[in-house]
Structures are given as C-alpha cells and as structure tokens.
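Data block below; observations after.
Order of writing sets the chain letters: A, B, C and D. Residues in each chain are counted from 1.
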Amino acid sequence: MTIEELERIRTEARQILAERGERFLPDGELKPPRPGEVRVVLRNCGQIDPKRIEEYIAKEGYFALHKILNMTPEQVIDETKRSGLRGRGGAGFPAGQKWFFARQALASRPAPADGAPPAYLICNGDEGDPGAFMDRAVLEGDPHSVLEGMAIAAYAMGATQGYVYVRAEYPVAVEHLQTALPQARRLGLLGKNIFGKGFDFDVDIRIGAGAFVCGEETALIDSIEGRRGEPRPRPPFPAVSGLWGRPTSVNNVETLANVPQIFLKGADWFAGMGTEKSKGTKTFAIAGKVKNAGLIEVPMGITMREIIYDIGGGILNKKEFKAAQTGGPLGGCLPAKYLDTPIDFESLVAAGSLMGSGGLIVLDENDCMVDVARFFMDFTQDESCGKCPPCWLGTKRLLEILTRITRAEGTEKDLETLEYLTQNISTASLCALGQGSVNPVVTTMRHFRDEYEAHVRDKFCSSGVCKGMFHYEILADTCNGCGACRLKCPDKVIKGAKKAVHEIDQANCIVCGDCYKACKFAAIAIRPRPTPKSKLPECG
Amino acid sequence: MTILAINGKKIEAAGGTILDVARANGIHIPTLCHHAALAPQGACRLCLVEVKGMRVLQPACTYPISEGMDVQTDSPKVRTARKFVLELLLSDHPKDCMTCETCGHCELQDLIYEYGVKETPFVGDRHLFPPDERDPFILRDMEKCIRCRRCIRACDEIQAVNALTMMNRGFRAKVATAFDTRMQDSNCIFCGQCVSVCPTGALTEKDSHGKGRDWQTTKVATTCPYCGVGCNFDLNVRDGKVVKVTSAWNAPANKGALCVKGRFGWQFLHHPDRLTTPLMKTSFWKEIKGTEGAPSPYKGFVETDWDTALDAAAGRLSAVRSADGPDALAILTSAKCTNEENYLMQKLARKEIGTNNIDHCARL
Amino acid sequence: MSGLGASFGSGAMTNSIEDLAKAKAFFVIGSNTTEQHPVIGAVVKRAVRRGAKLIVADPREIELARIATLHLAQRPGSDIALLNGLCHVIIREDLHDKKFVADRTEGFDEMKAVVGTYTPARVQEITGVPAADIEKAARLYALSKPAAILYCMGITQHAGGHATVMAIANLAMLCGNIGVEGGGVNPLRGQNNVQGACDMGGLPDVFPGYRKVADPEARASVEKAWGAALSDKPGLTVVEMMNAAHEGKIKAMYIMGENPLVTDPNLHHVEEALKKLDFLVVQDIFFTETAALADVVLPGAAFAEKDGTFSNTERRVQLVRKAVEPPGDAKPDWQIIAELAKRLNGDKASWEYASPAAIMAEAAKITPQYAGISHARLEKGGIQWPCPSQDHPGTKILHVGRFSRGLGKFSAVETIPPAEPSDSDYPLTLTTGRRLQHYHSGSMTHRVAGLNTLLPEERMEINPCDASPLGLKEGDMAVISSRRGQVKARVQLTKRIKPGVVFMTFHFPETAVNLLTIASLDPVAKIPEYKATAVNVARVE
Amino acid sequence: MSMDLDAHRPALDDIINREKAKGGALIPVLHQAQELYGYLPKELQDYIAEGLGVPQSTVFGVVTFYSFFTTKPRGRHRIGLCLGTACYVRGNTKNLERLSHELGVNAGESTPDMRYSLEVCRCIGLCSQAPAIMVGKSVHSKVQPDQVADILSQYE
C-alpha cells in the first residue's frame, strides 16, 4: 500500500458515498446528532458501511496511520500526551503515558528468543457496564477506526501483535471485526511492513465469555492467555509485564477510536475541546427514565442537566428526577444537586461516582435507591472473581444486608455495618472491581440516607419498589372518579362509583401497581403500610 | 542498594518485596495466602500495608520496594483493614476450633487471636459442606477453606499435577478437582503437598485425626525410607507412636515436597504384623533344645529370645564355615538399612566370616 | 554403576537434584521418573513448564512422555542402538563439543567408528523408532545446553546394561555435558539407601569406597584398620549366590532386609536354591516370603526406630533419626549384626559401638569419599560425597574440570539383543517396573491401608492391538507364561504401551512377576534382565 | 451425563488443531466446541484438555468461571432476558416472572421439551430499547409482560 493508492481508494469511495447519501443505523439507537453533540468517536457510525473498508478510507481512514509512520514513536507518544487523551474505560489514565511506560519497559528487556512478539497492544472491548454500549456501537459501526487507532498505538509503544477483546454478547461487533481484519490485511494496512515503513502489526480477535471482571486489564490479560480472568496485584503493571509476561498496553475501544482523529486534526484541535484536565469528547449511553434514550457524544465539561434535559428531552411521564447513575456498577448515584456539575473525570470522582465507560441511567421518583444499590451489589457480587476476601465475601455481606433492608428486615445496626463494610472493602480489595463495588452503596447512603432510614425504621419504601413496604392509597381530594384505576385493577379490589372518590380494598389488594400507573391525575399515592413491619422481631 | 523507610525506620535492601524486606529486618507482617515455597499472589489482603502516595492499601507480598518508599506496616488503617478481612473470613467459617484437627497450628486461628477478633459483625450465608471422607489419606473439610489457593498453587507450582482448581467465582468459588469429584477420581497423585500448605483445617491428614495436637507431638527430622531421592521430613510422634509426617521445607533434596509413600506410607511402622521377637524354625528348635518351644503366630516357627537365636545362628554359621570354608557362606545386606548397618554387615562378612560373598539388591 | 565407573571413574549420579532445575533439556531413558522418583519427576515437570526440552525414550507412554518434546518408543533391549544412533547423528551433523572431546576424553575415534555404522535407518530397524525422530532427538539434545540425562533400571536391567550405560556416557561426553551445572549423567537409585549400601562396600568386589578387594594396596589398608587378614577373591553377586546355592556350593546365608523370594528373577529357581541351603538366617521387620524359609528369623528395626544415615541418589549422606522404639523385642539392625559378629570368633572389642555415630566414625576412616563426614556434621544437614575432609563442603557436581579417572573414556559398544528374544511360542516381551503407590516387594506398602485403596492389585498393561486377537478385554484375568513359570493378572488395556510389549510390576507377591523373569546376567554388571522376558498371554476362562 | 463426542469429532479436531498453535487457545476452543455441541459436558472438556495439553482442572476452572459456558444442554431457543440497569429499572423483572410462569421453569433452566432455555443475562447493550429480551439472535425491545406469551409463540 502506498499513499497514492490510498488516495485513489478515497476518491473512488467518496463518489459512492456521495451517490448513496448518509444513512443511519436501522434500529434507532444512534440518532443523528442532536444539538449540543460533537461527534468524534461516533463520527462514522451510521454514516458508512462498516463492512466496507473503502468507505472508512473515504472518511480519511488510515491516513493518520500513514502520517504517524513518518514520525518517530516518541513523537507519536508526545503528540498523544499533548492532546490530553485519557483512557475512556473508566480510570482516565493518560493514553500517551501508558504507551510511554510500555515502550520504556520494552527498551529495558531483551526480545523473546523464540521470535514471539516483543510487546502487545490490547483493545479492551469487554464493555461490561450495564447501561453502556458505546463500544458496541463503535465496533459495529466503525471497526476500522479502532483498528487504525490500535496500529498507531502499537507503533508508539512498540507492539507487533494486537488483540481485540470483545464481549460474546456482541455478535455483530465480532462479525464486523472479522470482516474488517482481512480487508485491512489485504490492503497492507495490517501485517508486515505497513506502508513500506518497516512496521509490522497484526490483530487477532478474542471473544469474552461472560465475566464482567475481565474488563479489568490484568484479568483481561489472563483471559486472553486462556485462564480464569482473575485480577493480579499491580505492580507489576501490564506495561512492564503483561500478556505472556511482555510489555502490554490495554486501551479501551473509545480511546483508540479517538486516536486517528487526533493525528488527522492535531493535538491542539483535540485539546481545544473539553475541560482543563479532561480533553475531547465523551460518549454517553443515556437510558432509564429519560425520554430520548440512546447514545450521544458531547464535549467533556457539559453538565448532567444539559445531557438529561436538553439532549435527553427530560424525564419520562412527567416524573420527578431523582438521581443519575453514572459509571456503571462501580459508579454512583448522583442526586439533583449535581445536575449542574460539569462532567469530567475529576468532578465525577469528587462527587463519589465515576466516569466509567459512560453509562448514564436516569432514575425517577419511582426508583428506590436502596433497591438500586442492592441491584448493583447483586451484580458485582455475582461478578466477583472470588480471589480476595474483601470482594468475594464483603460484597456478599453487603448484598445480604441490602436484601434484608429491602425486605423490611433491616436494622439500625445494619446501616452501621454497611458503612463499615463499604469503607473497608474499598481500601482492602485487590482490584478496581472490589474497590469500586461499594460506590453505589456509598453514594446512595450519602445522598439518600433518609430512604435507607425509612426502610429500616419505618419499613417504608417511598418509591413503591420494595415489596411489602408500602401500599397504595387513593387521595380523596384529588380523585375525580374517572375509574381508570378500577378498570385496570386485575383483582377488582377498587370500588367506587363514577365521578365519586374511589377506594382500594386494602385487605385484598396485591399491590401490583397497575392502578398507580393508570391514574392520570396523581390521585394515587404510595403510603406506609398500616401495620409497620417494625413490630416484627428484629434480627441481628 | 535501595533505601526505604518502614515504620519510620530507614532500611537498606538489595531488592525484593516489602514483605521480604520487612521480614529480613525483623518487622512482622501477617500473611495468610503467602507461603515461602509458592509464588506470591497478593490475594488474602492480610499483608496489606500503607505505601505513602498510594490511594489504597497494598499487599506487601507482591509490592516491590523502590527508592524512597515510605511504608507503614502497623498503622491503625492497616490494622483495621486486616481485622476486617479476618472478621469476614470468620463469618464464613465454622467455629469448632475445640474439635478441629488443626487447632493450635492454624494460621487463621493465630491471626484471629492476634487481632483480637472476638465475634464477627457479619451475619449471613455460610458455606456448609460436609467433610469429604471418601478419599484415602486426605480429608477435605471445605467449610474450613478460606480460598487462599495455597493448595492449588502447590499442586501446580511444586507438583505440576494440577489436580485442583478454583471452580465458579465470587461467593460460589470453591477449591475443587475437575468436575468436583473425589480426589481419587481426578489426576491427584496423593502427594499431599496441598495438605502441607493448607493454613487451616480444610485439608488434613486423615489417618492422623484425633491422634495428637501439634503441641502434643514431637517432631523428629529424618530421611524417607522409600526411593533414592532422599527426601527429608519430620516424623510427628506422640506417646511412642508416629502419628503424622510433615514437610521439612528446608530439605535439600525435596524442599518440602513428598510423594504419597513418603508422606502417608508410615503406617506399616505400627502394623500388627511387625516381628517382635526372634523366631526359630520349630524343627531347628527341637533339634537343639529337644522341646516343643513357645508357639508363634507363624506356622512352623517358635518364639525365642535373643541369646538363643543369636547363639544358634552363630553356631550354625561357624559350623558351615568350618566344614565348607568361608565362601560357602553368603550374606545379603540391604539397601533399606543404614550406611552404618551396611558397613557392619560387610565387615562381618569380610572380617569375621572371611568371604566377599556379600551383595544386596542394588541390581534389582 | 560399573558402566559409569568405566567411563568416568566413578559410578554415581554426576549432578544434584537441585541443579536439574537448571537443565535446558532432559533426556530421560529407562526411567519412569514420576512414578519411581516422584519428587524428581516433579522437578523435571516444572523445568519443562518453564521451557526446558524433554526427550523421553521408553517403550511405554509414561507420564513424562506425554509432556515430552519428543517421545521415542524403542523396543525393549534396543537402547544401545538408539544411543549409538543419536551419537551418529550428532557427529554426522558436527554438533558435538569438539573442545570437550579433545581436552577431556579419550577413545573418540574408536567410538566414532562404531557409531558410524548406526545410521538412523539402521537404528530405526533395530529400535522401531522412526529415523526422523532419532535425528530430531539428536539435535535437540546437542543444541540445548546444558542437558541432563536421567536413567534408571530401564537401562541397567538388561543383558547389555553395562554397555548401555557406557553408551549413555558417550552421548553426554560427546556434547560436553559432564561437569556442568544442569547437565550430567544421572542414574536414579531405586532404593532409599542403595547408594549407601554400595558406598559402604555391600558389594562382592569392593571395600567401602569402591576400592577393589583384589587390589593389594586397598586390601592392606582395610586389613590394617580392622586388624585382620582378608580374602582377595571377589565374591558372588545375588543371582550368582542363588545359582551357587542351587548347585550346593553356598550352604548358609544371612539375609538382612531383603526379600529375594519376591524380588529376584526366576523365583522358582530362587525358591529351590534357598530350600537347598543348610542354614538360613533372615533379619527383617516383617515375616516375609523369604523369612518363611529361614531357620532363624531376627526382628530388626524400621527406619524410624534407629539412628543412622542414608545416602541418596545424589550422593547426599543424611541422618536418619530414631523417633520411636522398635516393637517388642525387636532391635536396631546394627546392634543385631554386632551381637552376631561377637559370637563369630570375632574380637569382641572391635564390635563394641556406643552408637551409629561411632560406626560412621570408623567407616569414614576407610571410605575416602566419606572421610570428612560425621554424624555431628550431618546434624546441620546432609553432605554430598566426595567429602574428603572435615572442612570440605561436599561435592554437588562430579567431574568438574577433570574426571575421576583422569580422562573420560568413550567406549565403542555394539547393540546387544535381549538374552531371550520373543518367538512364536512366547511372542510378547514382558518388561517390568514399579508404580507410584507401592514399593518393591510391598512388605511395607501393603501394610498401609490407603495405598491398597489407591492400588489394590497388579494389572498387566497390554496394547489393545495385542489384546484383541487374544480375546482380552479390560479387567479380564489373563495368564502370563514364560519358559520359567506363569502368573495370573488382571488386564489393563492401554495404548500407552507399544504393541508387542506387556508391562507388570513386582509389587504384589500374589502376582509374582519374577516367576517369569530370566536370571540371565549382564556379563560385567551382573544385573538380571528384568526388562525383557519373552512371554505369552492367554485369557483365563 | 453421557454424550456422543463422535457427532462432531472431525470438526472438533479441526478446531483444536487450528487453535492449538496459537497462545491461549482454551477459551476460543471452548466457544467453538459449545457452538458445535450446544454445551460442554465432562467428556467434551476432557477431550479438549487432552487435545490442548492443558490440565482437566484448568478447563473445568475456566468453564465454571465464565457465565457464557454451560455444562448442561440448552433448549433449541435460548431466551436471554437482560437485567442490565436500564432493563432493570424499566421493569424487566416483571417480564422474567411472566416468562418463568409461562414456561414453567426458573432462570437457568430449560423446558422439559428442550424448546426453550431461560437465561438471565447482563446488559446486552440494548439500553435504549429497554426492557429487552433476546430469543436466539433476535431482539425484542420495550417488552411488556402482556407481550410475553405472544413472543413465545413465535418460536417452534
């Protein structure tokens, strides 16, 4: 491959694109950019045919790779550092720095005697955060941007072999990668002596097998090596001793997809977006109780309010915003007072949450924060690898307490124990999963302490989620007797004449909530049960 | 040399982990998943220490020292974290130390004591596995397993057998053979390396149960009587009986490793079949004594005393030598006996009988 | 051991167990290491996992063969041809260590002339190992330095055992693998103290320290030490003793801690021989099959009941400590021997020993290799001989810089076929060995319940190709016959054994495989040919 | 549980031989073997262990670690009900209850006629279409409990 050939392909493919016009993903996940969005990572998603490398080339694809091969690896690292690109996988470690460390480690070690690759570049596509699917969108919609990013990163750090680790749950992403790889090889954009510059790099796909913890880089490395994905203590860091003991850099899909753009448009362009410490854009998957759920890409530093209300269209069904859950199971729940906080790595951490991979779930008044914490703990507990006791046992104990509380069996002492557990699990766990697993509990306890206390003291779930901890009452002064609730009630326990105040036969009500949903006039309220469970003997 | 500070004390060391350096300098850091014969894995979190500049506590067993490092090994934060881990472990552990085989040499028990954990604040599910007594030699009481994986690592790193693995994950994670079978149905070779490294009562020597607490036994260092590797081990003795064999980790030939025969094959010592008195063939006895003699459990033999037996043997051997010359006698000495005994046997053949007809089963 | 003595001047494991971990390659021949020397087997397995190469030559697919870089399944009794073939390829491809050969050895040209005729094609014909594998193995061994050779009874228990050991020595010297860490020729000694029994002169031709009884100088020094005149005529080996007893030339025997009626070849013959004796004394810890034929049985002590030393396969002299009392009136064997000696016209003073330490003090005086060894020193840990003086640390590796005999000697050895090749009457070749769970004649291990649970009975291993024409299925009872006798055993079908070969161990007296074996001896080493006996196998209806 | 390894042995051998040369072959081989046989029973795991030269315990340890691997046979149609955050807060537990009721099995089980197996999965990245259910490879988005029976009737 030469630059002339690449330019020729670009010219031809632009023709085709121009004739076809823009097209978007069929399932409506990725809508056209909404006001406020800036698309860098998602630039090509839905606009090109991901199964045709020519269309990627039409969008300047692989020109960045050609460009950087005329630079020294050190220059590539410096330029990346200057751009301020930080890892989009969660922790936000500077990408250029990561490559620098790996390169340094590589220089201090002899090459493997058996001709094996001296260093590895791994693309972490084990997007496990529930509620996040930007990596899937990029891998499905623009696989070559990731491959090109990988090649650039590999050149910078000195790797000759790359792996894309993709979740098994993403068959389409796998398929598109499997199509992309031979295309890139055929054009000499992967393989030996790329662009005739003496740079060798090839990529293999590894499919995950259902373990959230494999998103942690040392676990991911173990998984690629064919073992149980169990994190190891660092140091040694993968940069020094990673895949098969060689220097390795693990970078997230979104991080890598940014890389070609940085070299096409320059570090200054990238650094011009975002905040002082968090540059560029970030994709978010907004979901939950929001009108326009979906994937967006916005400059760093935008506020949650802008995302939820301006881009997301606000809360569904005129409900009250309660919290935004960011950062997935290791992130936290932020209440309304953070709506105007600019979103960047540091601010989210300061608020007790995490950028994570960019999941943003909107919760409304009908979401119980104790139950949300329990939900996440159920997840992390199930996904704990089982190696260090603070995680495998600590999260189990946390889950048990949260379950007790949501079953009206919680005690005041449980709240103390929760705090004791969360503090120590976060300092004593081996990996980020264990350390971060407590964040949903910590943030909900910090910001929604009253809900915990109501659950424990009054055995009342004001959100109407925890079974047996509330009932529905029809408000006499609001009910206009429309009868919607009576018609919807599956057990016919609502009585009331037309235009007259209705009443629920509490003795026979199964608290299914159909009436609550059916009422258009907010005339049905969630109330504590008349016989509080607190009269039951408490355990512990 | 690297200069670092541990608990404010300046220390110079050539390298290694915080744990190595601390121990070399007499600073105690508790451990549980660590074992000197195994690669460190940093899993149990008992050796957590504070490293200045690090957000979370770090495991001393895997963390390499570096220039200017400032480490606290016993700060309140560290002690709290360790106690927390112990409380967690105790919440999933039976509290039957009174009857536990390992009581008194249980590393978990020692740490619970050291950290003064009286009661665990956690109430919840506990693993309830019945003790697995289906295998010979090794009794697995998985309720007592703290998932330190020393057994798995010993089976892998020392023995290269890999009979054991972790199965499942999280709270359901468990040490098991492939498909969680009895050990006999796996590729286990019953070397017992797993038992020797287990810090609790999860893996114990089945035949030693109830035969003596660690503090009730005397350990006698000796050399294995089976093959030619020359493994060293400790015979654990109580009331004049061997009750157990334990590893000698500094043994030059085997470095603590043993095979099934060395570790578990000691029961023959106290077998009722052992010969306890000299015997003479009944016909021979009658010939020299003219009486029936004391019956023995062996058909055609009578029991006798040492003097009678030795006098008779010496008399007959001398008679053959006188009649047919020294080379009509032959002696088989033994590759099972000591050097000293072999030396005496050949001295007896060469000096007292006058023949070189001495050999043993070296060739067999 | 005599083979190594001839080649190097000292017949013992050249290197240390510890140093095997440093080998870049292993050549394991005639040793089922993981079952017979399990702890050393694990050292090899660990080294292989770390990347060391492993060549295994064995008719059975033993455990090590399964992880080997290369497995050569040679026919029993064809080892010399195989080894010569390896040397042939190494010389042909100019892979040998010319400097080592020139500086430290002699006899290269004669050896070269002989191995020159062992082309891979010819060796394939003799051994059944594909020529290409012979070439690959030769290159692997020659190009991975240091490389350690491990062997055991699979080499020595053949009609040509002595010569085979010399062929092994040739291979090691050819590649300069002697006197280096992680290299060497390492015969693994079968029993706990077989090394020590030999060191201490428990052999018919040598005094302690391998000094020949026929050597006047050696004899004079021992005579001086003991104050007695000694015979200069080398004695008989075990099998020769049995033959002499059978012929009526040996009339009395004193057997300590051995059970020839299970372990020796051609048991019918052994039984007849022992029964012909005028007088037999057996000293043991159990009433063995041999003891049943004795006139006097003396109860000895087991290892845990006495002090003393054992010398392991790597020449390490280590303490054995008394932990418990012998049962009943049983006594430590050293006391019994001394008591008996005192009654055999001996000067009683020379048999008064306060302790085994005193015996070692005396032995060390006439055993050059043990001169610096004493129980007091051993308290601090075992010492590897040679240890010529009190301040000598012991010797981890033999022949560093210089062979015990000066120059290493290449030997021109030709293949020696088994004494009893298979034929139409006895079409299969029986090879014998050991298993992990039991030991030797089983007098100890059969008295450990758990070991019997793990391995309750003997099974004859046979390839399905051989079994099916005989109508044998897994678990069937078969009768195995040789020209000397027959035994019955249950059948285990396995593809891990070469067709034409069957395998059994001698651990079970009720399946006394040595009823079948032949007492033909290697002419020099006098080791019986346990590893190749012509047999036929039939199904028991 | 016994199974017929021979059913796909040539293909299995191909997979093992192809992957063996590369490092870390175990997980790719398990994926493909499960694709062939539907599940990973003992016989198959042992065969793979032998073929790749890895300990049986390692294979077993890996199979039980990753939730994607199963040692039990599964139904013709695999229902994957997402309990990722978005699907959870949008009420997929109600759909799970309904599915469980309709099929008469719990999550993690298969119907006796092996028509369906019901599995709960973590986020499948369909958050904007929550609550979502996958049957085989087809996606059902924004599912309400009342639609469950209808969805089930689409698969034979």
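One rule holds for everything that comes next: a residue touches a chain if its C-beta (ideal position, glycine included) is under 8 Å from a C-beta of that chain, and two chains touch if they have at least 3 such contacts.
Treat the numbers as computed from the prediction; the structure is a model and nothing was measured.
Visitor: Counting C-beta pairs in contact, which two chains come out on top?
Guide: Among the chain pairs, B-C has the highest number of C-beta contacts.
Visitor: Quick check for you: compute each chain's CA centroid and the global CA centroid, then name the chain with the smallest gap between them.
Guide: Central chain is B.
Visitor: Can you name the chain that lies farthest from chain B, using the mean of each chain's Cα atoms as its centre?
Guide: A
Visitor: How far is the middle of chain B from the middle of chain D, if each middle is the mean of its Cα atoms, in Å?
Guide: 44
Visitor: I'd like to verify one number: the distance from the centre of chain A to the centre of chain D, where each centre is the average of its C-alpha atoms, in whole angstrom.
Guide: 23
Visitor: What whole-number Å value describes the gap between the mean CA coordinates of chain A and chain C?
Guide: Computed value for the inter-centroid distance: 65 Å.
Visitor: Any idea how many Å lie between the Cα centroids of chain C and chain D?
Guide: 55
Visitor: For chain A, jot down the residues that touch at least 2 other chains.
Guide: Within chain A, residues 211, 228, 383, 385 contact more than one other chain.
Visitor: Which positions in chain B are in touch with at least two other chains?
Guide: 161, 166, 168-169, in rising order.
Visitor: Would you mind giving me the full set of chain pairs in touch?
Guide: In this structure, the chains touch in these pairs: A-B, A-D, B-C, B-D.
Visitor: Which residues, counting only chain D, touch chain B once they are in their complex?
Guide: Listed in rising order, the residues are 42, 45-46, 49, 55-61, 64-65.
Visitor: Could you list, by residue number, the parts of chain B that touch chain C in their complex?
Guide: 136-137, 157-161, 184, 189-191, 206-207, 218, 220-232, 235, 237, 240-242, 252-254, 257-262, 264-271, 273-281, 284, 298, 300-301, 305-306, 309-318, 320-321, 323-324, 326-364
Visitor: Please give the residue numbers of chain A that touch chain B in the complex, ascending.
Guide: 211, 213, 228, 232-233, 235-236, 381-397, 400, 417, 420-421, 424, 426-430, 435, 539-540
Visitor: Residues of chain B touching chain A in their complex?
Guide: Listed in rising order, the residues are 41-45, 48, 56-59, 62-64, 77, 80-81, 84-85, 88-89, 91-92, 121-125, 146-147, 166, 168-173.
Visitor: For chain A, which residues count as touching chain D in their complex?
Guide: For chain A paired with chain D, touching residues are 27-29, 127-133, 136, 168-171, 204, 206-212, 223-229, 244, 285-289, 293-295, 325, 328, 359, 361, 363, 367, 372, 375-376, 379, 383, 385.
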